[in-house]
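Take a look at these structures.
Each of the next two complexes has chain A plus one more chain, namely chain B in the first and chain C in the second.
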Partner chain A sequence: MRVLSLGRWLRAGRVPPREPASRPSGHRHSGHRPQGPPQELPQGPSQKVSVEVLEHLEHLALVDFRDSEGVERLQKAIQFADQLHEVNTDGVEPMDSVLEDRCLYLREDDVTEGNCTKELLENARETVEEYFVAPPGNIPLVKLEGQKTFLQGSK
Partner chain B sequence: MAAVLAMVARGCGGVWRRLRQRCAVRPGSGPFPRGERAVACNARGGMMSAGKSGLTPWIPVVGLEIHAQISSNSKLFSGSQVQFAAPPNSLVSFFDASLPGTLPVLNRRCVEAAVMTGLALNCHINKKSLFDRKHYFYADLPAGYQITQQRVPIAVNGSLSYSLCIDNKMSQMVTKTVRIKQIQLEQDSGKSLHDDARSQTLVDLNRAGVGLMELVMEPDMCCGEEAAAAVRELQLILQTLGSSQAVMAEGQLRVDANVSVHHPGEPYGVRTEVKNINSIRFLAKAVDYEIQRQIEELGNGGTISNETRAFDSKLGCTVPMRDKEGKQDYRFMPEPNLPPLILYDAKSLPANMNHQQVINIDWIRERLPDLPSVKREKLVEQYGILPEHSFTLLVWQQDQNCNSRHSNEDGLPEFFENVVKQTQMKPKKVIGWILNDLLSYLKQHSLTVKESPVSSFLLADLLNLLEKKEISSTAAKQVLAELWKGKGKTPLETVKEQKLELLQDQKELEQICQAVIDGQENEVMAIKAGNQKVLNKLIGLVQKKTQGRSNPVLVKQLLEKKLSE
Partner chain C sequence: MLRSSLRQVSAALKEGRVTPTELCQRCLALIKSTKFLNAYITVTEETALKQAEESEKRRKRGQPLGILDGIPIAVKDNFNTAGIETTCASNMLKGYISPYNATVVQKLLDQGAVLLGKTNLDEFAMGSGSTDGVFGPVRNPWSYSKQYKEKSVPKSHSEDEEYNWVITGGSSGGSAAAVSSFTCFAALGSDTGGSTRNPAAHCGVVGLKPTYGLISRHGLIPLVNSMDVPGILTRCVDDAAVLLGSLAGHDPKDSTTIQDDFKPFELPDLPDVSKLSIGIPKEYHAPGLSSEILSLWSKAADLFKNAGAKVVEVSLPHTRYSIVCYHVLCTAEVASNMARFDGLEYGHRSDVKDSTESMYAATRREGFNDVVRGRILSGNYFLLKQNYEKYFVKAQKVRRLIANDFGKVFGSGVDILLTPTTLSDAVPYTEFIQEDNRTRSAQDDILTQAANMAGLPAINVPTALSERGLPVGLQFIGRSFQEKQLLTVAKWFEKQVQFPVIQLEEAERHDNGVFQHQKSASFS
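Our next item is the complex of A and B:
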């Protein structure tokens, strides 16, 4: 699972592997099995999460870790998730979701919804002639001059 | 530049030869004898660019990613309507707007469309396929992720065969194949209208959630023409199946091209992705431009970066798109709200399941309509027409479909078949009248076959007159021009009105022939001396005298008989 691999990569202090930009990759995410015997709960000094990784995460998730407490919480969260490594999953197919053995319901191709423009637009702070209004394009993360993010400040 | 385009590409020699010929027309690039082989061009190129290092040929590699909007009443995961051009945000359900608490419910028709398409393209249909989330932020993607099939798509490993004409005359067609890597179901995003003046984007979610089939092709093509031909054939197939109307102008078929170049024997070069291609013609232009651009860039010692470029149709070139922040990390994860999609076939059909919940691949396969390639073969077999004619018949129908929203059921092939049924003229001759005369009228007046003022019945009637030798073929063309005005007259009425009937009275014809012979002493002597070509002049004179109402073959016979007396 993605969380596991993230944990391992972070501990190794490297950037997690990126997905290719537009082509879907052929391989499944099933290859991440823990190596060796089940590990103990990682105590003691684990490697610090690297700055590049944190910046990458901030970028992707559009969050700001803000201060050392935030980073510390992330660290602890990773440690917590690493407990999953205790389980030996050799030869076990990864689960997709708790629904994976249910039947996928197929709906008939009938028009049953829509025509609620007014209701939907009520949610929007700003509208223009029944369009939603959004900021222009994708604005790159602003690196304000005087105000560095916590991470940059701590470099 | 033309000299640099020496090509040893897989089967692409012909096309690149033509391009070089076009380039050769420009001043300064020197004369190129037609039909030169790549080797000769190499030699010539070597002479031209004496300063540069040895010219090794470039192999362009083109791969396409095609998004085809599924033709269905409602969207992929919700019950809102699928329709082009509706008031903004009127075809949007709560799920499409990504309001909390909504869940995706898969549309059966979309799955069937994808299975049909997969079968038509010789794919292996995965009986179990999975849905995933692809995360990225954009205003027209309200959920922040798109539901797609990244891990296990619905169909894989197919192929698409298409025809390409080697020269401009369409007299030689080759069949090529491109491999289909996979077909997957995914959601469409909404539409953004960028308002740069007010620094805002207006978002319309009518399109958000519409079902798409993404077809990923392997990079088996090597030029714009191949790409265009492949997409045309795919369009035809999709329209025949009904799984997508594939009208590029309405965004129902979107093509992105991945282009790279490399030297033979070396690994593939860095590829660029070309987007914003709005028609098949532009696809060919964009691909060819990008190939040339890359060759020039690399030839000048530059490098190609793995970027996304947009095709500017006005300038006919590709330009770098607005810089996206580095490579995207889509953080794929399984879609937790959708179990795996299970498809069945005749063998694995479960006994006690509700019919409506079961999709049977074999049942769908049995009901697939005749694919275009099969239709073409049948026409050739049944009517003895040439493959290229068969190709044109179907391509015209496709062009019609592209220009109009409504699928044209009574198309040109049907018209042709109707005429054949109602006339004694051989299909091989009828096809000439359809493709040369009727088609040019239709094109001139921008009409569909349905709108033609000349019905198949009228045309058959006219061709019968011609076949019975009651009129000459020139007269027939005249009658057709008159019929085209749509005044409701029959061919026979028109013939009588314009006095176009062939003279049936042999005696009268003989008299006229004799009169011509008597009046043209010099020509008669020339013919008797052995110059047969002058006979045509005499025939022409007879035609004039009879006001085009004489059968030229008969006239020739009579003249020859008289001259030999």
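Our next item is the complex of A and C:
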């Protein structure tokens, strides 16, 4: 990350921050002054994601990568996330919620609102009577004719 | 009048020195003059004037609903507002008219607040610049301030002003810009990784992130369910306390709100910090922190020490991993939360009809921008069976370590942590867009999002102007549900630093001095 931030400083024409060697005059207290920046995080080796996994992801997410930039973005994201493995989490329980020490509120099982069919249907583009209309289901995702996704084209 | 604080203008309304309709009209006119800031996506002129009229009737009868009756406010466009388009700055929700009000919006309306409009943001609140929405980027009002223009290198022609403007920060940039440019007296934002505090710092306003579980998220279009909170943006700390008092409390519609009674509070006129212990986390001296901000941070620590507070250096050892942890947890929750957008019940729907899946895929391809799609795909990757333990569960464990770090520090007697909010002052837009959204978010959120990780309350207080004439803020992080203590310290600090008022030509023109207003009074 330092490489990126240094780059930004250099582009802006400023001197990158150094260890605080000189202190502004008039300040005697050192106990609470923040020390130099911590060590730079080492970047691990990147593992290329296979095309099978990429296709699987596209299918799960129903969102496409669109171009090589999209795939590159994922690679960088994974590389970034790999830094987590430097942390020793032996014996640590995963944390779902910061409110884990409290009980979730459960109200009485009484009907308090509803009967808003009209409002709910108003925002849908295709409806028939009180139904949302969907195209036929149970058909696996097939690419439209003449349109290959980026991944298919790269095979 | 427009440059007053919320409490001051509320007093003026009470005393009849100004009427709600007059106030509303002035704000609407100023919004029109400052349209170039692109802070608002939707301006609800008709309904705002109607609300102002109702408020006026109530005030005439001597029955105001409270301190907020008649006060113009703005709401970030990822809160549902009944009958008003809610877009999240995305093609996916363009034209979506919410059928209901978010709880926080309902609370404000119930107290008579006048909703001026919905403010601009990064698409689905993903970003740290308010530059990635489909309605275009938001411009920082300070780009047009006398203070910034004076410090800019003199250009040969005025066109360069077009390229010189700086970002607001994000993702609640529109809300921050709206408050900073005096078009409203308070605005709602959302804070998942710093999205309220970051733009607050860049726009020179107070940005409060309350404790997770204090304010209802019902109606806030979710990004990360375990970290989102509605954020409050105001021009001074007292105003933030007023808003907090109106919004906090258990909501049966949001089971993640705590059930404890919330007592609205007023802050002491002369706060006293001499009995407190202020912690300075050394890891927040992050790479890339500008020397200006470092020096301000040190000066602030000295201010507290000179006032008699105990100032100690503390350590939050896992700080440098919090941004990585956030990255994994955020993308994972986003992958899940964005799954609801399929075009069937609301929002954009593609014309593809071959099959449900192909319709969904096409809808999502057309509706989401690269940032959102990127996060969905990354999130799905981390949630794959083969990666679940390695990434998602691992990140949850690291989250506990981060929360424990804070727990240890607060348990050792520290009351409040003092840190910078951002690494530098606002950068010009042209520079900001040179890096992609994920890189920017990773850089800009680094000081703010650990508080979201642990669910702690945090507040940005505008501190001083940088060498370039732009605002810089400092952040205070407090103990869970101890907003009163946090805001008391913030108020004390605000009084000490006397942050200058922005000198905006447009605002000065609209505030034609009918009501006398002293500069320093805004932050008293």
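The definition used in the following text is that the second predicted complex is superposed on the first by the 105 of 155 C-alpha atoms of A that agree within 3 Å, B and C clash if a C-alpha of one lies under 4 Å from a C-alpha of the other, contacts with A are read in each partner's own complex, and residues count from 1 in each chain.
By definition in this document, a contact is a pair of C-beta atoms (placed from the backbone, for glycine too) under 8 Å apart; a residue touches a chain by one contact, two chains touch by 3 or more.
Note that the coordinates shown come from a computational prediction; the quantities given were computed from them, not determined experimentally.
Between chain B and chain C, C touches the greater number of residues of chain A. In the superposition on chain A, contact is made by A:L62 with both chain B and chain C. By the touch criterion defined above, A:H85 lies against chain C but remains apart from chain B after alignment on the C-alpha atoms of chain A. Residue contacts after overlaying the shared chain place A:V111 against chain B, while chain C stays out of touching range. In the overlay built on the shared chain, the residue A:V128 is in contact with chain B alone; chain C does not reach it.
Touch criterion met: A:D101 reaches chain B, while chain C stays clear of it.
Taken together, the two structures place residues 2, 24, 29, 56, 60, 62, 96-99, 102, 104-107, 116, 120, 123, 132, 134-137, 140-141 of chain A in contact with chain B in one case and with chain C in the other. In the complex of the two chains, the chain B residues touching chain A come out as 65, 72-74, 78-81, 87-95, 97, 99, 105-111, 130, 135, 137-139, 148-153, 182, 184, 192-196, 199-205, 216, 256, 273, 322, 324-325, 327-342, 356-357, 359. Of all residues in chain A, those touching chain B in their complex are 2, 18-19, 21-25, 28-29, 56, 59-60, 62, 96-117, 120-121, 123, 128-138, 140-141. The part of chain A that touches chain C in the complex is made up of residues 1-2, 4-6, 8-9, 11-12, 17, 20, 24, 27, 29, 31-38, 40-41, 49, 53, 56-58, 60-66, 69-70, 73-74, 76-78, 80-81, 83-87, 89, 92-99, 102, 104-107, 116, 119-120, 122-126, 132, 134-137, 139-142, 144. Considering their complex, residues 96-97, 99, 212-213, 226, 250, 252, 255-259, 278, 280-291, 294-295, 297-299, 301-302, 305, 311-313, 318, 320-321, 324-325, 327-328, 331, 335, 342-347, 349, 352-361, 364-365, 368, 370, 373-374, 376-378, 380-382, 384, 390-391, 393-401, 403, 423, 427, 431, 434-436, 438-439, 442-443, 454-455, 480 of chain C touch chain A.
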